[in-house]
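Here's the structure we're looking at; comments come further down.
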Amino acid sequence: MKGRITVQLKAGVLDVEGTAIARALGSLGFTASEVRVGRVFEVELGPEVANDPAGAALVLTDMARKLLANPVMERFEVEVLDGASGAA
Amino acid sequence: MRFAVISFPGSNCDDDCVRVVREVLGHDAYKVRHDVHDLDRPDVVLVPGGFSFGDYLRCGAIARFSPVMTDVAAFAGRGGPVVGICNGFQILTEAGLLPGALRRNVCLSFICEDRHVAVEGRSTPLTRGLSGEVLRIPIAHNEGNYCADEETLARLEGDGRVVFRYVAPDGRRSPEANPNGAANDIAGICNERGNVVGLMPHPERCAEPLLGNTDGRRLFDALLAAGADGGSR
Amino acid sequence: MTAWSAEVLKRHGLTGEEYARIEATLGRAPSWPELGVFSVLWSEHCSYKSSRVHLRRLPTRGPLVIQGPGENAGVIDAGGGHTVIFKMESHNHPSFIEPKQGAATGVGGILRDVFTMGARPIALLDALRFGDPAHPRTPHLVKGVVHGIGSYGNCVGVPTVGGDVVFDPCYDGNILVNAMAVGVARADRIFLGRAEGVGNPVFYVGSKTGRDGIHGATMASEEFGAQSEEKRPNVQVGDPFVEKLLIEACLEVMSEDLLVGIQDMGAAGLTSSSAEMAARSGSGIVLHLDRVPMRESGMTPYELLLSESQERMLMVCARGREARLIELVSRWGLDVCEIGVVTDSGRFVGTWHGQTVVDIPVSALVDDAPKYERPMAPPPPSPPLDLDAFPQAADGDFTPALSDLLARPSLASKRWVYRQYDHMVRTGTVLRPGEGDAAVVRLPETPRGVAISVGCNGRMCALSPRRGAAMAVAEAAVNVACVGARPAAITDCLNFASPERPAVMWSFSEAIDGLALACEALDTPVVSGNVSFYNETEGRGIHPTPMVGLVGLMPEAARAVGSAFPDAGLDVLLLGRVRPGLAGSEYAAGVGAPLCGDAPDLDLTAVRSLVEALLALHASDLIVSAHDVAEGGLAVALAECTFGDAAVGLVAAAPEHAERADEVLFGEGTGRVIVSTRDPAGVERICSQAGVPVWPLGRTAGQRLQITLAGRPVIDATVAELRARWATGFAGAVE
Amino acid sequence: MKGRITVQLKAGVLDVEGTAIARALGSLGFTASEVRVGRVFEVELGPEVANDPAGAALVLTDMARKLLANPVMERFEVEVLDGASGAA
């Protein structure tokens, strides 16, 4: 089973990278009034949640809470991707 | 000789490069702003270290679009010597003047310390007469992990375009001698013609006795010698 | 208008009495934004309300002092028209909540304090205190803080050349992140935080304002409680690239005659910068808040006044020069906007689309802010340290004890930390971290050097805040003298628990007296500083930690001397004599002894003589290396001297300055330096003239560290094995 | 009009950060046989592509090619999100 965790800055937290990119896009002739940058983690989950999308979602949420997202400044979303299941 | 030092808003080794050329080598150096189209007839172009545009995206990704980079490319195209140091190396790869890319160090942290590099490969304006030498030069980077596809790497090796390689003090290659995970222990490369060189170590940080090490000065001296032969462009 | 509820006042950190004063001053109830303005300017962090009455006792004048406390940073005369400008500042609470951004913005803030004075920053240092390495949060905090400092300093291109890291369980719930910045400026190009000249326009320069860190200043003035998690969304995020632009833009603007005054927007942002500038000049100021560049929609005057968005400056421009200011700043891609004007009304006025929303006498906000003489009471005396409980090695072999001590993260090599900092950028770093007792950077455009040392021994301050604080100054002075510089002046960062507890307030007062004594004795006035109170969690406070950052000057940077033995065949001498004690020592902490007993004696006159002797020795080129004996005592200091590139060993006879071997080897006490020399007679001659006792320890040789005491071997190990423990102790604890 | 660009390492390029995260997840007791880290850019596009999803996709692709992805080691995907259109 595969999952995806997307972590983004909370609204209101200055996005230093996004601001710089928006400026650069502007100078390249694009119009981008705002850019927000986040991270995606694609995780190949273990056999214990094979064929268990609800369980997988819980595990992904737990991973985000414990390690991947910084609760002080970030929020996250999880998605379970069926795809090539993690075998075993 | 005249050294043009390209200055992006976040360059922070531009002053250091100017200083070394002027005060240590006794030659002429001046900064050229990223947003102009005038290199002012230099003999050598230095693209210095730093964080060109903050570099929160990929290092050098934004810098390569700066107006001055078209002039740098043209200068290189005419065979003029261009040296990219650290962020300068990253910018030259992003700009396509050198192949490959510099990714995050495998240890995932910034590293600032002295490292040894062997000078090898074909002769370039920066390395002429130094082949086979092992130099101690500081590195200071978060993204110095050189990577390129197999084909490119094979071509670089085959053509002698790997001009600096991380080694142990005795000149031998070893996993511990490679600080950042760079493919084939690559610390610096040159373009096909040999006039554009990029390297992660900072020779300008070890070019005077006050800083306890003058190995970097040897690279600058090589540049001067190359310039004396090649004449001005 | 109704008066504000008790709940609202509490959230603003205002007492009922303070609120009554506000109403009395205004003759009415404050508006919502006015309440916010009072709350931040009357916070402990901005007003120094508990500390001001004590800070007055610090010596702040001296022949080298150009600008003492009161401005954004202190300024000393470095000769030849050059000045050195420096300050230290805490970012403790934000770093505990969000270690990376908290530490990064701490660096950004202290840099702005220095370049706002017209200085080009040339060095950063960081003094860090973490909890027990075994505490579950410690590794995360260490990694985040170091990453934050590195990512900011590296990007702005100011080398982080030194610092100090100590672990102690007292910091489990309250880490300390103290950052120090050092800059240089021409003496005739120093800028002050003044709002002078009626009609001069006030400019906002830098990043846009968002809702970051609203109430940061009041947060820094509160202890942590269970609900501190809720304060999280307020974190400020630093943008070092914008800071770099700001440095260049400010220095460019300052190179022309455009400015009357300038100040960074630090704690309490727009409010404190503008009110303080007006207060210093006895003027007034009007701010048109609707003109402030905003990052988010729907921002209110209250938020704009209190936001702590980073990388912003307030400039008072000379009228008529506006166009040039705008031109220079815009070229760096920064926001620049005229938002107000200097008046002679003596009032701090904010307008919002033409309507006055804030109108307060400046003096009420700054000079007449509350001042407290808080009650003080010494804690009960600490019981004596029970030496019988110490595990005396039966066979008299202290090698394992030394080896374990070297691996303790507070003593182990800090390479893991400073490897992540660019400590060489600007090509001025003459002594890098780990190379000498103090960092040495060149004074640009001269052959001269600036030596800097930071530190403080919190355990000693817990035993005796007065002596501990004096020790911090003395040790920094000795460190700076070891590399060859004359101590010139200090900055401080006084980290304490709640001033509302009489024992804490007593320790604060004692520490001030200790600092004052040492600064007088060593001729190092205090030119800038910072107080951080409320470093406590649920009633458990940190050790008093009056951090000291000392700057010294040397005529020739090229002659800086490192701490390690460079060669075999050198004579090794111990200069200075103290009665080493185990109370408060790292050794005692390592064997689990309780923190009690008497802090070691400190003889400031002897320290002064030691400093003079070292300077005379340097002047005569007599010493090859010099290292002070500090945490870990003599054995640790000797081991450290063997850890240089040469890795040369030493055969030494320890002095019989104490009764017990463990006291001789590991006892601590400020005022001793280990030097190596090719001319021991020359060293003895100069020391005897200076009245400094000398003990010949031995000679550098071989690859072992061998120490005997009264003819009996007490330490014997290869340098390589000791070095391995020392080299890996830090990473081992935090990875 | 809003768009999203996801940039990921090409297959075969070693994901050092992903590997470190997989290890960290392991030490927290999770099973994650593989983690790949990528970045997402959420871009508020200009009025010139308002109500023109095909045009928006082209613009996003162009942004990724020129700036946001490095073709030496990265691949990207673009998505047009209808959402709050960029007005005008």
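As written, the chain order gives the labels A, B, C and D, with residue 1 at the start of each chain.
Rule of thumb we're sticking to: contacts are C-beta pairs under 8 Å (C-beta built on N, C-alpha and C of every residue); 3 or more make two chains touch, one makes a residue touch a chain.
Computed from a prediction, not measured in an experiment: that's the story for all the values here.
Enquirer: Consider the two chain pairs B-D and B-C; indicate the one with the greater count of contacting C-beta pairs.
Expert: Here the pair linked by more C-beta pairs in contact is B-C.
Enquirer: Just curious, how far off is chain D from chain A if you go by their C-alpha centres, in Å?
Expert: 10
Enquirer: Indicate the whole-number Å distance between the mean C-alpha point of chain A and the mean C-alpha point of chain C.
Expert: Here the centre of chain C sits 38 Å away from the centre of chain A.
Enquirer: In angstrom, rounded to a whole number, how far apart do the mean CA points of chain B and chain D lie?
Expert: 31
Enquirer: Identify all positions of chain D at which a residue touches two or more other chains, and write them in rising order.
Expert: 67-68
Enquirer: Quick one: which residues in chain B touch 2 or more of the other chains?
Expert: 53-54, 56-57, 61-62, 65
Enquirer: In chain C, which residues are in touch with two or more of the other chains?
Expert: Counting only residues that touch two or more other chains, chain C contributes 239, 241, 333.
Enquirer: Thinking of each chain as a vertex joined to the chains it touches, would you call that graph a line, ring, star, complete, or other?
Expert: other
Enquirer: Which chain C residues qualify as touching chain A in the complex?
Expert: Where chain C meets chain A, its residues are 97-98, 101, 207, 210-212, 232-233, 235-239, 241, 295-296, 309-310, 333.
Enquirer: Taking the touch rule as given, give the residues of chain C at its contact with chain B in the complex, in rising order.
Expert: Answer in residue numbers: 147, 150-151, 154-157, 239-242, 244-245, 248, 332-333, 418-427, 429-430, 442, 557-558.
Enquirer: Considering the complex alone, what residue numbers of chain A touch chain D?
Expert: 6, 8, 18, 21, 24-25, 28, 30-48, 59, 62-63, 66-68, 86
Enquirer: Under the touch definition given earlier, write down the residues of chain B that touch chain A in their complex.
Expert: Interface residues on chain B, with respect to chain A: 53-54, 56-57, 61-62, 65.
Enquirer: Could you list, by residue number, the parts of chain A that touch chain B in their complex?
Expert: Counting only chain A, the residues touching chain B are 16-17, 20-21, 24, 27-28, 37.
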